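Next up, some structures in structure tokens.
First chain A sits with chain B, and in the next complex the same chain sits with chain C.
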Partner chain A sequence: MTTGLRRLPPWLGILALCLVVLLVPDESTQNTLTVGLIWALWAASLNITWGYGGQFSMAQVALGGVSAYVFVILATRSGWPVFLAIVAGIVSAAVVSVVIGYMCLRLSGFRFAIMTLAFALAGVGLASSMEITGRTTGISAPGPWPTLRIGPLTWDLNGTDGGFTLLLLVVFLLLTGGMWLVLRTRQGRALLAVREDQLLAESVGVAARRYRVLAFVLGAVAAGVAGVCQAQYYQFIYPSLFSFSTLVTVIVVLVLGGRGLLFGPLVGGLLYALLTNTLHIGGQFEQMIFGAAIILLTVFARHGLTYYLSAAVRLVLPRPPAEPVRAEPGPLAPRGGGLTDAALLEISGLTKAFGGVRAVDDVSFTVGSAAVVGVIGPNGAGKTSLFNLVSGFVRPDAGEVRWEGRAITGLPAFERSRRGLVRTFQRPRTFPALTVRENLVIAAEGRPAHPGADPVEQIVATFGLAELADRPASALSYGDAKRLGVALAVATGARMVLLDEPAAGLNTGDVELLRRDLLELRKAGCSVLLIEHHMELVLDVCDEIVVLDAGRVIAQGTPAEVSAHPDVIDAYLGSAR
Partner chain B sequence: MTELTLEGVRVRRGGATVLHDVSLSVTGAEVVALLGTNGAGKSTTLRTISGLHRPYAGEIRLNGKVVNGTRPENVVRRGIAHVPEGRQVFVGLTVRENLEMGARIRGRLTSADLDRVLGLFPALGSMLGKRAGVLSGGQQQMLAIARGLLARPELLLLDEPSLGLAPKVVDQIGAAIGQLPALGMGVLLVEQNATLALDVASRGYLMTGGRTITEGTAGELGRSEAVRAAYFGGGPA
Partner chain C sequence: MIAVWDQLPQAVANGLLLAALYAIVALGLTLIFGVLDVVNFGHGQLVTLGAYLVYALVSGSFSFWIAVPVVMVALGLGGLLMERFTFRPVRSIPINGLLVSIGWIAIIGNVISAVWGPDQYNMTRVLPGSLSFAGLSLSRSQLLVLGVSIVVMVVLSLVLRFTSGGKALRATAQNREAAALVGIRTRRLDAIAFGVGAALAALAGGLVANLFPLDPSVGDSYMVYAFVALIVGGAGSAAGAVVGSIIVGLAVSLAQTFGSTGVASVAPFVVLIIVLFFRPAGLFRTDHEATL
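Presenting the complex of A and B:
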């Protein structure tokens, strides 16, 4: 899946083509386009929630149904002006989505999908049983829309001459343009970050839950638009119009066109309409050919047709190569703070048990500003669990974490990250579909403004990522992904980074670079809490070392003290001391 | 005795050639190190041998027979086991079930088998009934290696076995790898810890940019300028 961040220009040609086709007054072509555009609107809605937000919502069509019913009921029974009723319909879909969103968004994956499906089925059931919605029979739409007059121009929105089709195209372009704009903002990038890796996003300060709700609500607004258009097209609505089978078609349309691509819904919708409207062979053959076409496209165009079309367009019209950005390795300046004697991080009595095993057992120590503190211990000693507690990814059973003198034990991970306490992960985590540079841009988003060179380019240079900057993070080797992980934490402008085995998978030369970076960080006033098995590195850079075994602190002190401690030698170092 | 040979192997991934020319050989009676910087293609080479990538040129021969394009499960049946980097275990299965999966290729998990791997990784002993997903990263790495050993392959492909392990365990693993040839198990070892790799290997190859460029005994490689540049010279790959 690609980001769709830079895919607009080649598509202007396709749009021009659509406009030309619109001028063809052939009724059957017109009809195919209209149906295709309605499918495109539905798919665009799912594309926002699923393609960009990463949440497979099965309530999309039902949310559109809410909008359609509210619009029709207000316009016909309550006598509201049509345009006001449309707005009310779309707003209702958004409101309902906020309610469902807060109930479902704690869940993820299949559980989220099933929960949203349950709401959708309940909604269809409700519409089938109420008087006001016309039960299973349905209700009629408010009839033709008025003609728009702008100066000498008139636009018949119902248009036998294509006025309605043109309206659908304009609406689709507005939605897509809006999404294109959103994706270029900080919020849009955060949305993609949450889609790619929610834990990593939280670790660099993105309020993941808020963005999941945002993706759900934006998708619901688009679904609301699609619902109103559907009602107007059919001039009649009934519950099964918004049922499971419609949802399945919307999923097929989006997957065929290309999920996570701005024009995927349009290509998918038009293709689907073309297949269904032109293949009038009749009866079961039609279904069979249709099924075969979908199987072939799913197998041979698994990224969606749009992906391959735009690759072809780029072959014909290659984009000029981007001007390489040159930056000098910059200071790894963290946010203010500076050197003080006060403890930056205070951990006291921290305890966490998993299924009877005390992974972290009454651990207490402090880390000052601009200090490098190592955490070592045998495998399974509880080092990563300790990081999970300190960074806010897991709640402790007992004990307290204080940051800059204030208790933060109850703060979520993204809040701690925003205050300058940022962790990395043992298994390297990245935003895989985004480039290395886009990864860093997201991490640097919360960084305090600092005069001078672009911090992202400085980090790219400092961490030696220049040659990899435009590659998707998914293509990085283990060691490079590990290095990117540290770069992401530093890019946030952290006051303290919690590094979980940053040297694992790095060769000696790269470990040397890491050593230099750690010392550089300390010089810049940033503290480091370091889990690492590379003893040369630990003994060399750490001011102090805490040794854990079976969840408890068994030794603590300077590198010299710790490496001579008999318990440490016995439990951990062996002959490697 | 098993002999695996790669000659001029080339592999393409996502439109780009990632292995340009890989030639090496390893027998069932030696530990051979595959050295190189990050992204040099070492892991890709192991994945190609185990059938996860298909070469578009060159030959992979097992005991003289070309085996290009053999499916991964059949590569295992021919006696080649792969322990990939990054602690790949079946997280939903218990530690014992993971070990049974390793022994499955040649029958049941015997108590002698179990004693052998627990002798190497005592930390796993108290965890046999726990789901592998709750193990720490280092314990998962031990489990992955143990599973590979239990397949009792003729050739073991080990990708970064020391990754994330405590120094004491790294010592033990080094010693264990060194003993494998005597048990009739050859090893192709990818390891960022060059000291460990050259300690246990009798000979090795250096890879750069998807090519094997140097070959030599462990002693020769330890003194080689090219190896020093790749491992100790610093600078990102």
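Presenting the complex of A and C:
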């Protein structure tokens, strides 16, 4: 029952807000609420793209501007019905965001921020110089909206009686509810995965670029809604309404309220409006105070108020211990295909140069099904580069990779992962803010439905992660994070996993666990391509070993053949042997 | 067509003179970004503040030649403190540095508005008048900018290349952990880089005050265009910042001459969008293999 109680505070808050909107007709209260809700809508837009999508977009306000201008121009000059013009405005913000989103795809972090800012400033410049947008002066909105009639009920959407405020509240709740639903779907989880770690997301089969554009477009839709509401509220729009200073306020509101939290924008928006409307500090001093607030919040309270509020609620109403899910360690059941004699992975003539260095130079070998193949060689021999080429994270200069008989050289990493060719990373990568179980759920998402035990619980049991399953991945020790990395690859239902130094930095006990896991994988029909310096492990578990030196294959064969090969002894094992 | 060719040399010359100013701002930004990984959006406000302070000193009958170094030192010290107390605490998460700098925009910008108001001010210019050279008309105060800009580039590259402090700075920019391991005091360098960056912003501000009337947003466009230059050039390299500045300066000047003010305000962004579309890491940065 406590779970229900824990959900209560936000809903009580919303209910109280509705009552205030409907029952307190006082103009200044209504005004505060209206302004606060408009800020909340803007912040919700940034929250979607940044808080959930992980992309700090500085174009949100300008995208809202696109929507506002389209709405106003269509409704006033082209005589479109108001509701149609609103929809057209929001749709055009979404369309523009798709274009910008694709153009900014290859950028991340601050480059993404500045590229989006460049688009925003160019847009503001454009609006200031075009006749149809009224240049710097601006244009008037189409006036009051019609009254909504549903049976005997009438809803004056402009309402001095709080009709407009209520509309804003309903719109915000619809947006937030929509986002809540999205986050509960596979797509929503993929969105968070991309926010947490784009490369890892791709390696477990998430089409990261698509989700980045999705986060941008969903944010743009929310921005479009905010833009229309802003235009309707002010009844007049001009370019600087959608400029940098508005963006700064939106950032303040979101940081104040808490990013990546559904009600963060609402808390931030209302608080901001309350502070500005009641303190009446006005103009410059107000802005100075909010500037200082951004800095102080970032330094001392970077999670935002909502986070601390909900932490307080959690303290009072602690989460009941989760029902432990029992699952026996069992067969890992990779996706279909089964044992065949045909080679699973064929690499031929693979070559990649970085500048003048040939990191991978004409490498060819094949890996069969249910085989464990080791890739060894001194540091800098090109082992990880080879993995990058095989897993699709880097494009080769020449050569071909064939998987299950088909060429996959041009396929992106996530496609390869979906076909059962999955890599891990040398430095352990996880989705840090999500729990171990959520990490595994995301990885297992692409797996074909399999009758029997829940694959996630089975992997939790097999990899001995049961104790850690509900902890955030960021809290794991190095060794546990590494084990989770391997577990994530296996959770996808891979037919072959590429493990990049899984034993590095592990203690003897953990290496023993790893040895057991590797043999278990082979028994389950999963092939392993293993980069490892731990020679004892390699010689023990591998059916075949490929030795690289300076990008080239210098030897290949069974462990016995390779360890007797003179070139190998010379280049790698040390001639003292 | 003939008119176009007649206007071209002057437009190019104007573009290069603009570029000289952008380069000073962009070099300061590069220094801060290279060492601290912080994108300092507040840099434009530092330019504006520098301009107003130089103006204030010159109106208080100080010589321009004394006022500029004094303001550089003052803002340089201010930069040290900004780094120490607001950027250092958030340095583990780079995007938070960006948030802090946005906070500084609001603070500095509004302090300027509160103290000086929205009115325009004109400083008594040093080096008035202009020179004619091969059919070009170049104002002497703009040539001063060019000269100062070249001196800054030369001094900066000599310091970075040959002094131990400069080498330590470059080492920190390339690999902070490794630099710390070999005994470089990286935190001190963070503060120094920020201070020097702020001093360069103040220098640019002083030069701006000697060129244009002052209003509270006078530095904004320099910050934005210097950012565009920085990224076009491939953030983190000084040579890239200079080349980027030249490209942006030419884009603005050519768009002003052959287009309109509206076109000129959009031109640098169009250049940025085109460059980043084809070279996501900028012109001067070879794409390293992502660390996997």
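Methods note: the second predicted complex is superposed on the first by the 532 of 577 C-alpha atoms of A that agree within 3 Å, B and C clash if a C-alpha of one lies under 4 Å from a C-alpha of the other, contacts with A are read in each partner's own complex, and residues count from 1 in each chain.
Simple rule for what comes next: contacts are C-beta pairs under 8 Å (C-beta built on N, C-alpha and C of every residue); 3 or more make two chains touch, one makes a residue touch a chain.
Since the model is a prediction, treat every value here as computed from it, not as a measurement.
By the touch criterion defined above, A:Ile295 reaches chain C but does not reach chain B. Once chain A of one complex is fitted onto chain A of the other, the partner contacts of A:Thr384 extend to both chain B and chain C.
Once chain A of one complex is fitted onto chain A of the other, the partner contacts of A:Gln426 extend to both chain B and chain C. Of the two partner chains placed by the overlay, neither chain B nor chain C lies in contact with A:Pro412.
Looking at the shared chain after the overlay, A:Phe354 reaches both chain B and chain C. In the superposition on chain A, A:Glu512 contacts chain B only, with no contact to chain C. Residue contacts after overlaying the shared chain place A:Val255 against chain C, while chain B stays out of touching range. Across the superposed pair, chain B and chain C both touch chain A at residues 354-355, 384-385, 426-427. Listing the residues of chain B that touch chain A in their complex gives 14, 37-39, 43, 85-87, 123, 134-139, 141-142, 160, 163-172, 192, 194, 230-237.
Chain A contributes residues 56, 103, 106-107, 109-111, 113-115, 118-119, 121-122, 125-126, 128-129, 199, 248, 251, 255, 283-285, 287-288, 290-295, 298-299, 302, 354-355, 384-385, 387-388, 393-394, 425-427, 500 to its touches with chain C in the complex. Those residues of chain C that touch chain A in the complex are listed here as 39, 86, 89-90, 93-96, 98-100, 102-107, 109-111, 113-114, 224, 227-228, 231, 235, 260-263, 265-266, 268-270, 272-273, 276-277, 280, 286, 289-292. Taken in their complex, chain A has these residues touching chain B: 354-355, 376-385, 426-427, 463-465, 475-480, 483, 501, 504-510, 512-513, 533, 535, 571-577.
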